[in-house]
Amino acid sequence: MHAPIVEGIRRELGEEVTVRVATLDEPDHGLTDEVLAETDVMTWWGHAAHDSVSDAIVEKVHARVLDGMGIVVLHSGHYSKIFRRLMGTTCSLIWRSDPGGERELVWTVSPSHPIAAGVPQPIVIPHQEMYGEFFDIPQPDELVFISSFAGGEVFRGGCCFTRGAGRVFYFSPGDQEYPVYHQAAVQRVIANAVAWCGGVSRPIGPVAGRHGNRARDWYLG
Amino acid sequence: MHAPIVEGIRRELGEEVTVRVATLDEPDHGLTDEVLAETDVMTWWGHAAHDSVSDAIVEKVHARVLDGMGIVVLHSGHYSKIFRRLMGTTCSLIWRSDPGGERELVWTVSPSHPIAAGVPQPIVIPHQEMYGEFFDIPQPDELVFISSFAGGEVFRGGCCFTRGAGRVFYFSPGDQEYPVYHQAAVQRVIANAVAWCGGVSRPIGPVAGRHGNRARDWYLG
Amino acid sequence: MHAPIVEGIRRELGEEVTVRVATLDEPDHGLTDEVLAETDVMTWWGHAAHDSVSDAIVEKVHARVLDGMGIVVLHSGHYSKIFRRLMGTTCSLIWRSDPGGERELVWTVSPSHPIAAGVPQPIVIPHQEMYGEFFDIPQPDELVFISSFAGGEVFRGGCCFTRGAGRVFYFSPGDQEYPVYHQAAVQRVIANAVAWCGGVSRPIGPVAGRHGNRARDWYLG
Amino acid sequence: MHAPIVEGIRRELGEEVTVRVATLDEPDHGLTDEVLAETDVMTWWGHAAHDSVSDAIVEKVHARVLDGMGIVVLHSGHYSKIFRRLMGTTCSLIWRSDPGGERELVWTVSPSHPIAAGVPQPIVIPHQEMYGEFFDIPQPDELVFISSFAGGEVFRGGCCFTRGAGRVFYFSPGDQEYPVYHQAAVQRVIANAVAWCGGVSRPIGPVAGRHGNRARDWYLG
């Protein structure tokens, strides 16, 4: 599953990034404190096994996102604990998995957004599971892609959010049944999203220090 | 053209509203200063003749919107002078007018929004001209509807904006060729939009008076 | 604490509403399933005792908000479990409680929003605890009020959010030390917010039914 | 006026950028077609002489922004023809120019935004003209800075917008009377804003080509 995602990120971002893979069955799902501290951007894919993810690890990932780590949530990751925790909503949707799937078209509605750079209008995905509205998420800060399906449904499939100091991008294309992650345009979006999520500022005084009791005129120091 | 729109507004909003019709060939297009001053919400439909609309009248309508009048812009009104003036963008899109049109599905993506009240999910419009992305508008303050077409295109067809003290709603369904405005669900959306655009507050001190030079502590008066 | 809030809601909204009070020390904090099911809009104030609120009740309130119940979160309620659950962020801020407090000015930045109806520009609150930025919340769907304090800090003190089918309004003025909730303008904002949060549509097919597996052409039924 | 702005951009962005200055009294205000075509990001400062700017040049700049050129509008540029054209609103505000000015504090409310990178919380500007709310602009896509003034007013002084394929940043600090543009933190913001406005994607198929009549299945080409 993760091989084509990794390959796409490496091809598009090259020397700029180091990619590492963590899986559910590793201790701490591979997400130790050290790994989290060193990670600038995480991609998250999951399916069926969301409930097997440790609540304690989810809390740690959540805290890291608020502290500035980016996270790119992919496809059925919409139902992951971490995405629902970040959104505060059910993240439910309508779906259909007919044999062979159906054609999805991914339309850019924010053409100058960095995540849309070099992305064809539309991306044509021949075989895909259908995800449709109503998608129960907060209104995105920026909506980059909207998908349509052969069955007529639509889906806000490319959504930007900022939570705390961290950036979140949800991207719906991708499935364990079809070779979606092998399409160059899909890989390109994921790589762009990783770059965008990692493009946050490192402010003077982190967000973590931006709360608490302050004496009058504290800033005149 | 305007008969079914008027009928729908009257049926849904009843005694609450007085509806009046203004057309291009009237003096001032029927939009005299008196009419504008008395109007809480205007609907705007136009096609092909946008250039025949007087710039001076457009400026007056623009000023009234900023001062609190609502405006519901319908279908090909996306290319009207007033809508482009309010948006600050080209408001261009892709389109297709095949004989007989094609099926449009209108999906609610903000189900608790007052403009979506009582609207089926989706609205099925059997024959319609295609409008597709990229639709060159500012990101809407609230996105209520997204359409898909039989040809696979998508369109942000129900968009809320606030400009000055006025509310703007753009709604894409509707055409001079097909009986779209006779569908009860479409009429319902338009009536809801009229009510929403008219639901602005009447603040103490209008926006028109919310600028200018102010002495220190002016608000302690 | 709650007396002036109740009084203000009753004065502004009159016969339209029935107000009921629930407190921490009641069984289920007074928020039984029956009470929640009958409630259209809830106001939430808390201080210091946030940790004493039952997680199970918070989950029920959260589910009701996503299902369409409005919630107006007041002042130190920013740190309540329910608000943090809805926001997905820490909701932390900077603060100062000097003896006697300091002057807060509440400025309307969205003058046509229904929550700003009849609200003076600015509201002058003579004595108040300081709340300042950075306020760790998602970017509001609509920002209605910004406060300044005598000490120079600013705060996004009036923020609208939609979560699921429910509307959320956070309003920062109000404290247990000062008679803020006795000011008519503050009462007016809270009453307006209750009305706005209760103004959601009741869509055909609730959000709760807007997810799940759908056969091709299900909507043609 | 422009010397410290240029100096700050050069210091922060270095070799990455070529800076050129254009002034009102040059032919075409220095904004010939060639210059516009070569410009990725423009900064715009103006005061008192807004009406002397040619409408034809404003239309050209407007078209270039929609086509992807960034624009950073500074201080009294809020009343420029180009900014009002892009916003679609009056861009009016309240203001005060007492002798010696008054202290302005610039607070970051979006600490991970690239425009806030390396910016102290708050920026302290000792002497400044007051700009206050209501500022008649559309709700920004992202609000980065809010200012407070010694007199108690607040102002949304750092606002991001996308219009067409172009990015717009409005930044209020700066005046012809006070050495605001000589403060390193203010220079830093302007340089960050130039970088952000220039960071748009160059999509396959420009926005300019993203409209017009399309045959069925045109994208399968």
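Chains here go by letter, A, B, C and D, matching the order in which they are written, and residues are numbered from 1 within each.
Operating definition for what follows: a residue touches a chain if its C-beta (ideal position, glycine included) is under 8 Å from a C-beta of that chain, and two chains touch if they have at least 3 such contacts.
These numbers were taken from a predicted model, which means no experiment stands behind them.
Chains touching both subunit C and subunit D: A, B.
The chain with its Cα centre farthest from the Cα centre of subunit A is B. Mean C-alpha position of subunit B lies 29 Å from that of subunit D. Distance between chain centres (mean CA atoms), subunit A to subunit B: 34 Å. Taking the mean of the C-alpha atoms as each chain's centre, subunit A and subunit D sit 30 Å apart.
Of all residues in subunit B, those touching 2 or more other chains are 105, 108, 110-111, 121-122, 132-134, 139, 141-142, 152-153, 162, 164, 207, 210, 219, listed in ascending order.
The part of subunit A that touches subunit B in the complex is made up of residues 103, 105, 107-111, 121-122, 132-135, 139, 142-143, 146-150, 152-154, 156.
Residues 68, 105, 108, 110-122, 124, 141-142, 162, 164-167, 192, 199-205, 207, 210, 219-220 of subunit A touch subunit D in their complex. Across the complex, subunit A meets subunit C through its residues 66, 85-90, 92-98, 102, 130, 132-134, 136, 138-139, 141, 151-153, 161-164, 207, 210-217, 219.
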